[in-house]
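The chains carry the letters A, B, C and D, assigned in the order they are written, with residues numbered from 1 in each.
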Amino acid sequence: MIHPSLMPPITALPLVERYQRIRQWSDFLCQPLATEDYVIQSMPDVSPPKWHLAHTTWFFETFLLLPHLPSYEVFHPQFGYLFNSYYDSLGQRHPRPQRGLLSRPTVEEIYRYRDYVDAAMQSLLAEPLPDSLEALVVLGLHHEQQHQELLLTDIKHILALNPLRPAYRSDLPDLPPPVPSPDRWLDYPGGLFTIGHTGSGFAFDNELPPHPVYLPDYWLAARLVTNGEYLEFIEAGGYQQPEHWLAEGWVMVQSQQWQAPLYWEQIGSSWWVMTLAGLRPLNEAEPVCHVSYYEADAYARWAGKRLPTEAEWEAAAASLPLTGNFAEHQYYHPAPAQGNTRPDQVFGDVWEWTQSAYLPYPGFQPAAGAVGEYNGKFMCNQMVLRGGSCVTPQSHIRPSYRNFFPAATRWQFSGIRLAH
Amino acid sequence: MIHPSLMPPITALPLVERYQRIRQWSDFLCQPLATEDYVIQSMPDVSPPKWHLAHTTWFFETFLLLPHLPSYEVFHPQFGYLFNSYYDSLGQRHPRPQRGLLSRPTVEEIYRYRDYVDAAMQSLLAEPLPDSLEALVVLGLHHEQQHQELLLTDIKHILALNPLRPAYRSDLPDLPPPVPSPDRWLDYPGGLFTIGHTGSGFAFDNELPPHPVYLPDYWLAARLVTNGEYLEFIEAGGYQQPEHWLAEGWVMVQSQQWQAPLYWEQIGSSWWVMTLAGLRPLNEAEPVCHVSYYEADAYARWAGKRLPTEAEWEAAAASLPLTGNFAEHQYYHPAPAQGNTRPDQVFGDVWEWTQSAYLPYPGFQPAAGAVGEYNGKFMCNQMVLRGGSCVTPQSHIRPSYRNFFPAATRWQFSGIRLAH
Amino acid sequence: MIHPSLMPPITALPLVERYQRIRQWSDFLCQPLATEDYVIQSMPDVSPPKWHLAHTTWFFETFLLLPHLPSYEVFHPQFGYLFNSYYDSLGQRHPRPQRGLLSRPTVEEIYRYRDYVDAAMQSLLAEPLPDSLEALVVLGLHHEQQHQELLLTDIKHILALNPLRPAYRSDLPDLPPPVPSPDRWLDYPGGLFTIGHTGSGFAFDNELPPHPVYLPDYWLAARLVTNGEYLEFIEAGGYQQPEHWLAEGWVMVQSQQWQAPLYWEQIGSSWWVMTLAGLRPLNEAEPVCHVSYYEADAYARWAGKRLPTEAEWEAAAASLPLTGNFAEHQYYHPAPAQGNTRPDQVFGDVWEWTQSAYLPYPGFQPAAGAVGEYNGKFMCNQMVLRGGSCVTPQSHIRPSYRNFFPAATRWQFSGIRLAH
Amino acid sequence: MIHPSLMPPITALPLVERYQRIRQWSDFLCQPLATEDYVIQSMPDVSPPKWHLAHTTWFFETFLLLPHLPSYEVFHPQFGYLFNSYYDSLGQRHPRPQRGLLSRPTVEEIYRYRDYVDAAMQSLLAEPLPDSLEALVVLGLHHEQQHQELLLTDIKHILALNPLRPAYRSDLPDLPPPVPSPDRWLDYPGGLFTIGHTGSGFAFDNELPPHPVYLPDYWLAARLVTNGEYLEFIEAGGYQQPEHWLAEGWVMVQSQQWQAPLYWEQIGSSWWVMTLAGLRPLNEAEPVCHVSYYEADAYARWAGKRLPTEAEWEAAAASLPLTGNFAEHQYYHPAPAQGNTRPDQVFGDVWEWTQSAYLPYPGFQPAAGAVGEYNGKFMCNQMVLRGGSCVTPQSHIRPSYRNFFPAATRWQFSGIRLAH
């Protein structure tokens, strides 16, 4: 097992080493799995773990090795069809909802595929690369980190759906105990702010260009909404009262019979929560997690508050240290607040729903070529989430980082910070 | 037939007369219908014309007469169940997709219902009303005007779906001939602008509060995209090339087999268009109409441009005269541009898709009580359209008016103005 | 109103007069309808009444007038597209589930269509016809009679779905009071029987050829299962106990939440039943009606009995007088048993589910040409019903008559006779 | 590998040895699988191989060990929930369409379950059993054999769906070469026949009681319809012409875009067929396989013939030797005809669709208790197939054996014998 202290600051490493470290972390995450676990697609949004391992490998094969490593030969002629995710410009691909119908290639074969591509990447990275190629490698590594987060997110869904409720790992460390943190509001004076990525480091195209945004005065809660607070909403009849809900949210509540966040289950009179360490009693001090945008918005309305906009969130987060409960700590679960005197739980723990739709920034230009399909084409009917979660690698996140999911999404590690 | 010159300025009239005029216009719009036309729901988004006539009446009965006219008795005890549209706080209602399954109440009975409620409203309006009630009546009249637009929109859909392609009216006036208007860009310098309704007149809650927005420099096309220009996109393979489309849009193109705007049909080698005057050859000078947000966005991307934001649109439109091709002209069809030296076709003709998601303005507060369900609860997964159309009553529109529909919507009179 | 005594024996009339009588009966059935009622398709199985009126007319136009009346011109060039039901060999047709989306042609226009075709048929029938053509006219009249039954069946569904529960006719005569008829079994010794139509009169191709069938000894109930008896099944938990049900039936019970026959509704603690005379309290002496095959089979199993086969039914019914509660009596509702000393309620009242699948008789040959699509192509996944119902014209039925519907069908006037 | 000569006559063995042999054959069938193959459910009708292995084991645990082996303890408390197939009387069960979402229990754990139950069964079988228990064990073994057939059928579907088209086994023996066998008709004089199981050996309840059936004279084809003959139907436009098809069949052809039997694929101008040995060129001499009832019926109609009834088939097959191409030969693929002088390919090769619906025989009584859910509750909307196939164990079949599937089923090894 790799200790988290060994991980960051990964960006300081030479590229070839950074490549190895990040690729190995994917393997590390899959170590606890049974072969059978690698195969399951528990719903269309989820991909089988072996698909994640192959798809991230395909990314390097397709965008780096084939065009740029002379005499490189593809590992298998049909893997391009099987492991393309959504790049329309690269031709036909295997339908997403059928990823769980494939027993072959086997897990072993996919690990051979990874080794084969890693060896070739080693050759490619042996010599200094032109900046544009180096940027593509870095993009591929951030892409791999996104799938590392998805691996944990999807594994949790796969195991939680199983009536046996198996644990992913039974040896995960205990969370730190809560520090009493009553509700507290931090105030932020309004004005013109520059939003978007400004530094020289890596950023996705959707964080660009930086641009001025006018914000009114606003307040943010010092910490996240807790399970205990959310339980009050449930017990007050929140899931039975349409007045708190967006129209679409109320349709979901009724058609999907939502009565609590995903992974909560009532056994007798007690609430339990499925975690990557197995089924555990609900801890009221932990941040509420696995709620949809509809639930986050309804909770906020019930509480007489609202969700922040992404600009409000970013303006407040820009100057904070980039630390928190990330995947490297291997809790894989959001931790209770550690105080309320300054903004807490901003990075890590849970992705925070904002009330901002995922739209292009003024002057947005998608990257050229097939990698330009990365972000821009999803800018419709999704909401922005900010800050990363307990399954996000720390080196993957930035204050300007924009995550986005449809409003009904619940299998992500998503939670609530209130604003007004 | 009521001549349009008789119609505005309706807001200058005493309320009782304004009530009569607006209510009569609904009846006028339905005059050309056969009894059978009143019954059809051609898709879940469409309501049968008789439902519109009853629902707008129910609004006055429910929000004005029952609470405020002493001794008022409901016309029929089950009409509250049948003609509530989406007000959850008013109890159970008839399921929307089943509105076309009701032969009863008959059309005649619904006109009796209108007469009954109009007579009672006459009593209520005979005496001066407190401001809050007067505001509710005005809201009811704007509500009726929204449904007048929907009546024409829905009637078009009902008739267009019929293989006989019947005309709504064969006596509609000819559109004005086009004035040559080559593509031309108007430039707007950036800065801080106040967006939202500011005057003392009526506005919906979603136009409030007015608030500062920072805009960069931008350019808007002087006129709308024409059928001829859109045809170039079609003939260049626009509907076959995923690179122009949002991911969701491309799914729609393929699953719905979209190949042209709604109501276009190819007969032999010619394009025809269904209109409220029946099937007509495509006129290349007219603005393209009945396109979804996905199509508007794909066209803009193909053309190397983009759609405006709603703030850009409003800042540009705020100072323009509120004239255009509105329902009162009874063309019920968008007209060719009349020049390009100044912004043309801004009001009327077609609703213009913006790239702005429909979200609350900073500080938005929905109205209290059931009428608060009017706007706020739809603020998710819809895009904003601006400017009104050829089926919008002129007295209903304002520069700050925000219309909103899901991105796949095509049966509205929706078109495209480019920006960059 | 036409008194039933005026109706039969219609087969004794000259063909031209028979044509007129039967065609007029369709009009008579529609007289009580509001124009709006003619338009509704309350579910895909139901057709709007105006569609029935036009489709039966189209049958004469297509199969008689166009090929056989020189210089006949079609009433409207698109009616062939609109009013073909399922004849694949006649080309494309309007999709069945969209019949309720057509406001045009109007009801008035369809009556003009009927008049136009009737006048032309008058010409055709003025001279003696060759036998094959006369047979086609007779087929067309039986076809019209089938749709007369469907008209009443569909009108009942259309009105029952309406929350106002309007009556089709409030002037229908009272049913005869029940004659006490306790359960009684009639025994039928086994042997070889000839099954299928043998006489010289009209029969559908599916009743042919007559052929020997070996039957074991069997018993049939002297009368139909009553509402009261079926209520015992409900109250004993029949709809909650899977052991009585076919696997597919149990899936329907759960997915459709069946708890009683179609058109039963519980108001407070009482059961009510929707009829063509409006909503009425449940009469326990009447035969249970509007049950699916699944319910008929489950009831029989619960009662320790079974349903008869179609051969058993036909062998028992062959020698009985062809009288009963048919459409001509204008009860349009099944009547209580009038005794149990001999087989009662065999013809009329309700169609009796048999446990026989609808399959070809040995040596079956479908008729040549498009009319051959009449019966044979439905011989899969349907069950046979026998005996006609209270909405079947008396002159339409025979002991060898085979009706057939999928096992989940409930909107037909279908009931239960037990066997063992 | 077990040579087929070692297998039969299994019924002659002592029960304990018979138990071992049949249980081992299930393991043998799964030997070639990768762990990943065990997990896949390629469509709702298919079960993952590991589910089959566990479910057949659960049968012995539930019906034999728990009630009859003192002090037996269940292997796992939740396996009853996970591995019950459709026995409603045994309580809630895991939903069938979600069998492929379970990675746990792992394959290894399921083999441990099998060992555990086998050991306990060994104890139970060590002493002589009362007849009723012995009958239950024999039922359990026939149940296991049914799932052995399903294992091969489902594995074929799982591998065929995979774009890599992997072979189940690449070492399967070659099929015997064809013996020229032109089309030839065998005639069978009519009369009264006894249909159903008569001997003292094992039979399912649905083969009972034996009963007289009257048959007219009939003819059966001496051999099965070949791929070459079926190809003529395809090339003559059979899949484009509605006149050959049952109405429901035509709906399937159009909605599912059927153009050939399942597992056929056209690569360039050649037809290939997926088999358990991988993708192979179409062999025109082999019997056509993997056709639905709709296709079998359409082919017969196109050829001017019909399918046999199950009584005709059984009367003809009753006296034939029970030999053929069964699973023990390990071809796992239908073989070409070996002549036409006497009925060929009657047992083994492919299940033969009959035109008989699956219905109870006169006097049918399902077995008492939960095992009574075995057959009777499926007697609706299924067609009977006869004779076994190349994946059926030889010791499992009888002339009176009734297999049954819905008419749209294609993944079974189902083919066509013509009659007239």
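One rule holds in what follows: contacts are C-beta pairs under 8 Å (C-beta built on N, C-alpha and C of every residue); 3 or more make two chains touch, one makes a residue touch a chain.
Owing to the predicted nature of the structure, the values given are computational and were not obtained by experimental measurement.
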Legend entry - Chains in simultaneous contact with chain A and chain B: none
Inset, instruction - Would you mind checking the shortest number of contact hops between chain B and chain D? - result: 2
Legend entry - Inter-centroid spacing, chain C versus chain B (mean Cα positions, whole Å): 46
Inset, instruction - Express in whole angstrom the distance between the two chain centres, defined as the mean CA positions of chain C and chain D. - result: 39
Legend entry - Centre-of-Cα separation between chain C and chain A, whole angstrom: 60
Inset, instruction - Mark out which residues of chain B touch at least two other chains, giving numbers and ranges. - result: none
Legend entry - Residue ranges of chain A in contact with chain D within the complex: 34-42, 78, 81-82, 94, 98, 100-107, 158-159, 161-164, 166
Inset, instruction - Note which residues of chain B are touching chain A in the complex, please. - result: 86, 88-89, 192, 211-214, 216, 242-243, 245-250, 293-294, 297, 306, 309, 355-357, 359-360, 362-363, 377-381, 383, 407
